[in-house]
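Please go over the structures that come below.
Below, chain A partners chain B and then partners chain C, in two separate complexes.
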Partner chain A sequence: MTSHTLSFFSWKKKRDKYLEIVKVQSKNTTTYVVNLFSRSLVILLRIWVFTQLYTVTYRVAGATRIDDFTLPMLIWTLMITQSFQNSTRPYVARIIEEEVKTGSLAYTLNRPYSYLLFHYAGFLGRILPSLLTNILVGIGVCLILVGPITFTLSGLAGGTVLLILGYLIEFSLMLSIGLLSFWVEDVSAFVWIYTKGQLVLGGVLLPLTLFPDYLRKITEMLPFAAVFYTPAKLMVSFQPETFWYYLTIQLFWVLLSILTAVFLYRKGIKHVSINGG
Partner chain B sequence: MTPIIRVDHLTKLFHLKQKQPGFMGGIKSLFKPQWKDITAVDDIRFAVEAGEILAFIGPNGAGKSTTIKMLTGILFPTSGEIEVLGYNPTKQRQQLAFHIGSVFGQKPQLWYHLPSQDTFNLLAKIYELDEQEYHKRLSFLIEAFEIQDLLTTPVRKLSLGQRMSCEIVASLIHKPKVIFLDEPTIGLDVIAKQHIRKVIKYLNEKEKVTIFLTSHDAGDVEELAKRTIVINFGRIIFDDTMAKLKKRFITSKIVELVVENGTDTFNFPGGTVVGKTAFSLKVELDVAISSVERLIEYAFSHFIVKDINIFDPPMEEIITAIYQQKEHD
Partner chain C sequence: MNILSAMEYRVTFFLQVIGMFINDIALILIWVIFFAQFPMINGWTLQDSILLMSMVTFIFGIVHVFSGGSRELAKTITQGELDYYLTYPKNVLWHVSISRTDISALGDMLFGLVLFCFSGNISLEKIFLFLTISLFVAFILFNFLTITQSLSFFFGNFEDAAEALYQSMMGFSLYPQTSFYGFLKVIMMTVLPAFFIVTIPVNIIKTFDLLSFLLLLGFALVTFLLAVLVFYKGLQKYESGNLINLKM
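Moving on to the complex of A and B:
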C-alpha cells in the first residue's frame, strides 16, 4: 500500500470515530421519543403566546408590515429561532460541568480522540433529532395559527449555511463556558447570562425587526443574534447582500469563539483537578 | 528488564481555595480569599515491569487516584517525570490512550440509557479497531465475563455487579498492555468479586497484561498482587513483595490450641483469648511482648496439647494497621 492509501485509511478511521459518536448520541437522545416530542411542545406554547402578543402589537401600530416583515413572517421567524435554540439542550456547558463534578472526565479525557471534537460530535448527535421534532411541531403550529408563508430555495439554502455556522458558534461559546468549570466547577451563572443574552438580544424572545434601527444594527453584530436569529430571518426573507453581511459577522464570531475554546482548553487541561477518589 | 512504567520524583500539589462556613464566610472569601496547598503526591519514585500485578494501596486521600490520573495523562504533575510504555502521558496522552485501559470503579463510562453493546461498538471505533479483530476480542470478553445475556439490556437496568463486568469489558476491548484498576470491585458481592479477580488473573497470565491496581479490598490485594506499594500522605512507605508486607506489618499472630484438660487456666503475657470452648482456645499473640515459641512452650507445660495451628491475622487487619500509622512513622 502506498503512503497515500495508508493516510486515507487513517483519516477514514479518525472520521468514523466522530461519526459513531454522532450516531450513538442520536440514538441516546431518541431513546425516549415521547420525552423528545414533549420538549418540542414548549415551542407550541411559546408560539401561541407570541402570536397573541404580536397580533396586538401590529394592530396597535396599525401596520401590516414592520421592517418589511408581515405578522406571519415574524411568527415563522420566531418559530424557527425557537426551534434552533431549543434543540441545543442540554447545553454543552452543563455536560462538561457535570463531567468535572462527577469525575467522569477521567474517562472522557482519557481516550484517543480530540476532547473538543468529541463534544462537537456529541453536540451534533443531540441537536439533530431535537431539531427535527422542533421544526415538525413548529411548522404545524405556525400553519394553524398564522398560515403558510412563501419560502425561496435561496432563502433556505442561505439560511442553512448560516445555521451550520450558527450552531458552530453556539457550540464553541457553550464549550468555552463549560471549560470554565475546569477552574470554577459551577458555571450556571455564566450559562444564565449567555442564555438570557440570547433571549433578549438574540431574537429568541423579541424579534430584532421590532427594535429601533440603531439598536437592531448593534444587536445583529453580537454573537447572540449571529447564532440563530440571522439564519432564521434569512430563511424567511432572503436578500443576497444581507446574506453576505450576516456571513461576515458569523465568520468573525466562529473564529473568535473557536480560538477562545481552544485557548481555554489548553490552559484548563493543566489546571483541572478531577473530583472523587 | 526495562520497566514499562517509570515514575521519578513525582509530585502533585493542589492549590485549594478555603471557605469559611456560613453566608458571611462566603462574602469574606470573595474579598479576601484564602488558599491552601495540598501535597497529594510527594516526591514518589517507582518502576513497574511488564506483566506485573502491582497493588497500589493506601487510605482515602493518600494519593493513589491522583497518581493513576497522572500516569494516564489526565492530570498534570507539578514536578517530576513519568514514562508509561515509552510515552510521556502529559504530552502524548492520545497516543498512550491506545495502549492503556482504565477502570474507575466509582465512575461510569457506559451510556446509561443504551445497551452496553452500543458502548462497545463506539469504543471499537474510537480505538480504531479492525472490524474482525474487534468481534473476536468481544466474543472472548463476553465469554470470560459471562455477559452474553446483558448485551442488549439498557445499562440502567443492570445490577451493580453486571454493570461492573460490562464496565471492565469496555476498558479491555482494545487489548491494552497496561490496565489501571481503581477500586474495580467496590460495592460488589463476594461472587462478583471472585469472578472479576479470576478474569484479571487470567488476563495477566495469558495475555501478559500489566495490572496496576488500587483497592481498599484486602481480598483483591491478597489474591491478585505479587508486589505492593503502600502510599500514605502522598509518600511511599512500603514497596516490596506481599510476603515482606506481611512480615513488616504483622504485629500479632493467631494461635489455635486444641487441648484435653480444660482451658480456664490460660494466662500468658501478650496473649489475648479471642475465642474459647471447653477444649480449644484461639489466642491473639502480640509478638512485641512475647514470641510464638514461648507460647508453645507455655502451652505444652500447662496443658495436654492435641493440636496447634498458627495463622497470620487477616489481610484486612494488616492493611488497617498500615493505614493507622501516623505521618511521622
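Moving on to the complex of A and C:
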C-alpha cells in the first residue's frame, strides 16, 4: 500500500469518526419529539406576534415598503432568522461549561479525537433536525399569516452559502465563550451578552431593515448580523453586490472567530487541572 | 443560604449580576431604537415599554431569587432528584422551589427597580403600587412555572417543552401590548397568561382600577390552586429513580 492510500484511509477513518458523532447527536435530538416540536412552537408564536406588531408598525408608518421590504418579506426574513437561531440550542458554551463543572472534561479531553472537532460535529448533529422542523413549521405559519413571497434560486443558493458560514461563526464564537470556563467556570454572563447582541444588533427581534441608515450600516458589519440575519435577508431579497459584501464580512469573522477559539483552547488547556478520585 | 453560598465565588457572583444587568439594558435598547423610528404604536410609547420592562425584570428576579428551583422542576423530576425532597418532613413543592437561587436574577431585580425610576411614574404611591403588584404577579409566574414544569410527571421528558412554553410566555412580555388582537389575545389570557403578567399590571400602575386589581388577585388564587393540584396529582405518579443525591 502506498503512503497516499494509507493517508486516504486514515483521513476516511477520522471523517467517519466525526460523522458518527453527528449521527448520534442528531438521534439524541430527535428522540424526544415533544421537545423537538416545542422549539418550533416558540417560532410559531413569535412569528404570530411579529406579524401583528409589524402590521401595526407599517400602518403607523403609512408605508407598504420600508427599505424596499414589504411586510410579508419582513415576516419571512424574521421567520428564517428565528429558525436559524433557535436551532442552535443547547448552546455549545453551556455544554462546555457543564463539562468543566461536572468534571466530564477529563474524559472528553482524553479521547482519541480533536476536542474542537468533536464539539463541532455535535453542533452539526443538533442543529440539523431542529432547523428542519423550525423551517417547516415557520413556512406553514408564514403562508397562513402573510402569504407566500417569491424566492429565487440565486437567493436560496447564496443564502445557503452564507448560512453555512454563519453557523461556523456562531459555533466558533460560542466555543470561544465556552472555553472561557477553563478560567472562570461559569460563563453565563458572556452567553447572555452575546445572545443579547444577536437579539439587538443581529436582526433576530427587530429587523435591521427598520434601523436608521447609519446604525444599519454599522450593525451589518458586526458578527451578530453576519450569523443569521444576512443569510435570511439574502434568501428573501437577493442582490449580487450584497451577496459579495456580506460574504466578505463573514469570511473576516470566520477567520477571526476560529483563530480566537484555537488560541483560547491552547491557552486554556494548560489551565485545566483535573482532580482524580 | 443559597446567596451566601454563591458569594463564596466572588468573581462568578459579580460577573453574573453585572452580566444580567447588561443583558437587560440590551432588551430596552431594542425599544429605544424602535420607538426612535416609530414613536407610538396604538397609543403605546417608549415610556410604556420602559414600565413594562421594569415590571417584567423585577418579577423575573423575584421568582428566580426566591424560588429558582421551580424553573428546574421538570429536570428534577426527570432525573429522579425528587427523592431527596420526599424524605424531608417539609412541603415538597415549597422545598423544591427554594432549593435553588439564580444569582444573576439579583441583577434583574436591581435593573427593574432602577428602570422603574425612568418610567415616568415616580411617586410614593406608584412605588408602593409597583412593589405590591409585582409580588402578586411574581406569584402568578411561579404558579405558571409549577404547572408547566409539573407536566413532566405526565409526559416524561418535558424539560425542553416546559422551557419553550416559558420562553413563549415571556416573549409576549417584551412587545407593545396594544399591538395584539384576535385569537393571539385569547392565548395570552389563558394558556400563556402574559395578559395577567404584563398587560393588566402595567395598566393598574398607570391608572389604578379596583376591578383589574381584584381580577389579578383572583387569577393568582386560581392559578395557585391549579398549580398545587397539578403538582400533587403528578407526584402520585412519580417513580423513584433510586438516584443517590447528595446536597451539600
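Note that the second predicted complex is superposed on the first by the 273 of 277 C-alpha atoms of A that agree within 3 Å, B and C clash if a C-alpha of one lies under 4 Å from a C-alpha of the other, contacts with A are read in each partner's own complex, and residues count from 1 in each chain.
The criterion applied here is as follows: a contact is a pair of C-beta atoms (placed from the backbone, for glycine too) under 8 Å apart; a residue touches a chain by one contact, two chains touch by 3 or more.
On a predicted model such as this, the values are computed, not experimentally measured, just so you know.
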{"item": "First, second, both or neither for A:W48, with chain B first and chain C second", "value": "second"}
{"item": "Contacts of A:Y194 with chain B and chain C, given as first, second, both or neither", "value": "neither"}
{"item": "Chain B versus chain C as contact partner of A:F123, first or second or both or neither", "value": "neither"}
{"item": "Partner chain(s) touched by A:N28 [first = chain B, second = chain C, both, neither]", "value": "first"}
{"item": "Touched partner set for A:T57, first chain B, second chain C, both or neither", "value": "second"}
{"item": "Touched partner set for A:F69, first chain B, second chain C, both or neither", "value": "neither"}
{"item": "Partner chain in contact with A:F224 - chain B first, chain C second, else both or neither", "value": "neither"}
{"item": "Touched partner set for A:F171, first chain B, second chain C, both or neither", "value": "neither"}
{"item": "Contact residues common to both interfaces of chain A (with chain B and with chain C)", "value": "32"}
{"item": "Parts of chain A lying in touch with chain B, wherever the complex brings them together", "value": "13-14, 16-17, 19-21, 24, 27-28, 31-32, 102-107, 109-114, 269-270, 272-274, 276-277"}
{"item": "Complex contact set, residues of chain B against chain A", "value": "14, 60, 64-65, 69, 72-76, 93-95, 97-98, 102, 104, 106-109, 111, 113-114, 118-119, 121-122, 125-128, 154, 182-183"}
{"item": "Complex interface listing, chain C residues touching chain A", "value": "9, 11-12, 15-16, 18-20, 22-23, 26-27, 29-30, 33-34, 36-38, 40-42, 104, 155-161, 163-165, 167-168, 171-172, 174-176, 179-182, 184, 187, 192"}
{"item": "Residues on chain A engaged by chain C in the complex (per definition of touch)", "value": "32, 34-36, 38-39, 41-42, 45-46, 48-49, 52-53, 56-57, 60-61, 184-186, 188-190, 192-193, 196-197, 199-200, 205-206, 210-212, 215"}
